[in-house]
Every structure is written in structure tokens, then in C-alpha cells.
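The following blocks contain the structures, represented as C-alpha cells.
Look for subunit A in each of the two complexes below; its partner is subunit B in the first and subunit C in the second.
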Partner chain A sequence: MINEKLHLLFHDLSGRIGGINTMWQICIAYIKKFDLERLDGKFKENITVAFRNIPSYRKATIEKLKLVIGALNKLGSRDITETLESAINHGLEELEEIEYTADTLYHQLLEHDTKENLMRFAEELEKLGPVCRSMIDAIGNSKNKLTALGKY
Partner chain B sequence: MVLKLLILEDDIDLLNSLKGIYDLYDYKVFATPRGDEALAIIEKERPHVVLCDLHLEDSPITGIEVLKQTSQKYPDIKVIVATGYGMEDSIVKVCNQYKPFMFMIKPIDFNELTDALQVLAKDLK
Partner chain C sequence: MTKILIAEREPEVNKSLKDFFQTLGYTTFITTSPEEAVEITERENPNVLIIDVRMRSELRLDVIKAIRRIDKNIKVIVMSTYYKGDEEFKEIEALKVDRYYEKPVNIAKILDDVRIMTKDA
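Now for the complex of A and B:
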């Protein structure tokens, strides 16, 4: 039997992380298009919008995590709560570091849209993928442990 | 023939970003966060593909209802289901009954989605 409230909270948390994961892939798609077609204006504008969405999703993840942790605390499974909180917070820190470096590369790209700068920006964004997957896995593991305890 | 794609997604940032990138693929892209609007677009525009989020906040009609009505009224339209809920019994039951063209568990793998759309677009030509 699924705990519906917790289920929705997990869904929202996964959704924010999923947003980051899809958004960096969209950024890469824009970069590839830009690199192939060398069209200006709209491409840069679109890359900017997608790139700026990543920190927005990360901040939303922080808020959703608080709600999940609050709900888990009520269930009284301390180990599961702490493991999840630690895994997500670690992931969020990694995301922020990658974002910081990517932001520097992004500004270099705006100044000089060379192939090299495009690729360096893309390579930095690609680092977001494993971090997102690791956080999604942590959520899955928590669900499995709670299910085994009959709490989910 | 240009591929007509309808994106039904309640995450507005994701919706706008997906529309933005697929516009560049020269698809004719429609986008809405609401199930009722999606059904109206399907009725009027007859898209070739509907990317359908099943769980829609603030929508009077769910993505499940859109999948159901589309598969019943317009079986030629390819519905790609995207859900963050995973393969739960209720979702499996809906998919077995209405048989979407493709099922994606969120987070959406953008490359997988794009590859599927490109194959469908090629088939139209």
C-alpha cells in the first residue's frame, strides 16, 4: 500500500532533479545546433533560458527535499532519512560547483562563440548527468527501504 | 510533411524549453500544460505525436484521460507517455489498455525522445 502523501512528495522531489537532468540535455542540443548551423540570436537566447533554469530547479529541489525530510521524520525511520538527506545534499553541492564553473564558461562563450568554448561549456554541463542520476537513485533506494519496512 | 508535435507538460519551464528546442527541428510544435487544452488542440490540429505527461497539476483533465481519448478517437496519433510515477500497477493497467506508442519514465532522456521523434518525422516523408 503506497503512502500517497509521501509518494507525491517523492514525485515532486524527483521532478525537480529530473528538470535539471532534462535541461542540461536541452542546453547540449542547442549547443550542437548552434555549432552546426552557426546561427546567432535565438540560439544564444534559448541556451541562456535553458541554462538559467538549472539553478532554479536546484533551488526548488532544496525546498522539496525539506518537505520530504519532514514527512520521513514523522515516519520515524532515522537511518533512511539521514541517508537520503545526506545523498541529496551532497548532490546539490556538486551541482552548485558544476553550475559555477559552467557559468564562467558560459560567459566566455557569450564573448567568443568559438567551437572550443562551445565544447568546454558542453563538457561541463554533461557532468550534471551522473550527479542527477545519483540523486534519483538515492530516492529510489529510500523508497525500497521504506517499502521493505511496510512504511511506503 | 512537417511533423506536428503536441507537448502536454505541467512543468512550464520544461514545457517552454522542449517547445523551444523542437521548434528548431522544424517541427510544428504545440504546447500546453492543461489536458482540456490538449484535447482541443488534438481535435483541431491532429498532431502526429503527443508527448503526454500523465500527472498534471491544476488541470481539469488528466494526462491519462488525454491518452484514453486520443487512443480511442484518433488511433493514428502516436502518444508518448512521460511519467514520474514509474511502472506502478495503475500506470501499467492504463498503458496496457490504451497502448501508447512509447513509455518514458521521468527524468526524460532528451536524446531518446529526440531519436524517436526523428524516426517518426522521417516516416512522414
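Now for the complex of A and C:
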């Protein structure tokens, strides 16, 4: 390992994206494990908490990305830096759009507690999975390119 | 009663996982501290340890080793941001844990693992 600081920053960035991924999956797990009749009170509260944590982790990801980009800039590999920054920012924009739609569906669910609304909310959240995966892959690709250049 | 110890560095993830496993009937303990993970194991004797091996910005495989010294039968599920290709991955692999998941993890798979690992508990 020749760049311990960058290594740690990559882990922190991956960890925040992992947080987003865990939160949406917990929402889905509640929805799939319990039928609508049982999905009340404490279960709904737990879904709400996990759902509300997603934007917090997205914002934390933005902060960690800044630190990663700062460290990458010092290495002088501009193309790798720009590729990663672009991939993560694109992913974050997608996340925000999905969050916005999911939030609308969440409020519809609160107003009309139907199985259909519950499933629409779940289907929207499931879209977060591939976005998180693509961001993690982008980090992996950057690490591989830096390793090939002897900079990681 | 099946007991699960979750040692994850993100407090919000810890709390959400605890709520989730508890609603499914598991007795669940959480910590973000490597030292406390060992203390909880000594005190509560959990059946399953779900652990992020990177705590306080360090690889903490010593925690798994210490916990296994207390209970050699404990099932260990590792979730981590160390990926194949990282130097640390080989160290984790050498521990021969029961399951290893790269983050982002699949919660449904972890739940299935816990069910299978604890079916006789």
C-alpha cells in the first residue's frame, strides 16, 4: 500500500454508499416480511427511520467524495479523478431523483394505506440498489487504474 | 432465544439492523466499539456475530479472534468495504469466517444466513 490516506478515504466513501444501500434494503425487508395488516405501528416507524436515513447518507457521501477528490488531485491523475467524480456525482443525482419520487410515494402511502401504494413505494426504493452498485464499481475501477499506475 | 451481536461502525445502520432483527424475534445487541463487542460476547454469549471488520479506521480482525477465544462455536458474518484485490482481503480470508460479504451487502441474504446458522439454537 503506497497511499494509506487515499485507501482509508475510499473505504469511508464506500461505507457511506453502503449505508444508503442498507437503509433501502431494510425498508424493503420490512415490506416483504410483513403483510399490510401487520405493517403498522412500530414497523411503520422503523421503515420511516430507515427511509429518512437515506438522504443523510447521500449527503455524507457528497462530503466524503470531496475528500477523495482532494486526495486524488494531489496524485495528478486527472482522468481517473474526473471519471470517478463524474460517476459518483451521476449516481448521487440518480439517488436524489429516486428519493424524491419515493418520498412522494411514501406520502401517498401515508394517505392511502393500500397494498398497491406499498408495492409502488418498494419498487421505487429497489431502484437504489443498482445505483449504489455502480458507484461502488466506479471506486473499484479507480483503485485498479491507480494500482496499475503504481499510485495506490 | 437466538442472540445476535452486530458490530458495525455506522451507528444508524447498527440501530436499523437492531430494530429489524428484533422485530423478527431475535435478541439483538449492537456496538460500534471493538472492545465492547468482546465485552458483550463475554456477557451475553451471542449465537451470531455480524461485524464490519473496519472499525475506527482500522482493520480489527483481532476482535473476531478474541470473540472466538470466548466462544469457538459462534457464527461469524463479516460485511466489509475490503474487496478482492485489497491487501487486507487475504487476512480476512485466512480467518475462515462463516460468511463474507462485500458492501453493499444484501440484507435478505444475511437474514437467510442467520436463520440457517441458528436453526438449532
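Simple rule for what comes next: the second predicted complex is superposed on the first by the 146 of 152 C-alpha atoms of A that agree within 3 Å, B and C clash if a C-alpha of one lies under 4 Å from a C-alpha of the other, contacts with A are read in each partner's own complex, and residues count from 1 in each chain.
Criterion: a residue touches a chain if its C-beta (ideal position, glycine included) is under 8 Å from a C-beta of that chain, and two chains touch if they have at least 3 such contacts.
Since the structure is predicted, the reported quantities are computational estimates derived from the model, not experimental observations.
S.K.: Is the arrangement of subunit B and subunit C around the shared subunit A a clash or a fit after superposition?
M.R.: Aligned on subunit A, subunit C clashes with subunit B.
S.K.: First (subunit B), second (subunit C), both or neither: which does A:130 touch?
M.R.: Neither subunit B nor subunit C is touched by A:130.
S.K.: Using the superposition on chain A described above, determine whether A:33 touches subunit B (first), subunit C (second), both, or neither.
M.R.: Touch partners of A:33: subunit B and subunit C.
S.K.: Between subunit B and subunit C, whom does A:50 touch in the aligned arrangement: first, second, both, or neither?
M.R.: both
S.K.: Among the partners subunit B and subunit C, which is in contact with a greater number of residues of subunit A?
M.R.: Of the two chains, more subunit A residues are contacted by C.
S.K.: A:76 contacts which: subunit B (first), subunit C (second), both, neither?
M.R.: neither
S.K.: Of the residues on subunit A, which ones does subunit B touch that subunit C also touches?
M.R.: Of subunit A, residues 11, 14-15, 17-19, 21-23, 25-26, 29-30, 33, 42-43, 46, 49-50, 53, 56-57, 132, 136 contact subunit B in one complex and subunit C in the other.
S.K.: Which residues, counting only subunit A, touch subunit C once they are in their complex?
M.R.: Per the stated touch rule, the residues are 1, 8, 10-12, 14-15, 17-23, 25-26, 29-30, 32-33, 42-43, 46, 49-50, 53, 56-57, 129, 132-133, 136, 140, 143-144, 147.
S.K.: Across the complex, what residues on subunit C touch subunit A?
M.R.: Subunit C residues touching subunit A: 9-10, 12-13, 15-17, 19-20, 23-24, 54, 57, 79, 81-83, 85, 87, 103-108, 111.
S.K.: In the complex, go through subunit A and note every residue touching subunit B.
M.R.: So the residues of subunit A touching subunit B come out as 2, 11, 14-15, 17-19, 21-23, 25-26, 29-30, 33, 42-43, 46, 49-50, 53, 56-57, 132, 136.
S.K.: In their shared complex, at which residues does subunit B touch subunit A?
M.R.: 11, 13-14, 16-18, 20-21, 24, 55, 84-85, 88, 106-111, 114
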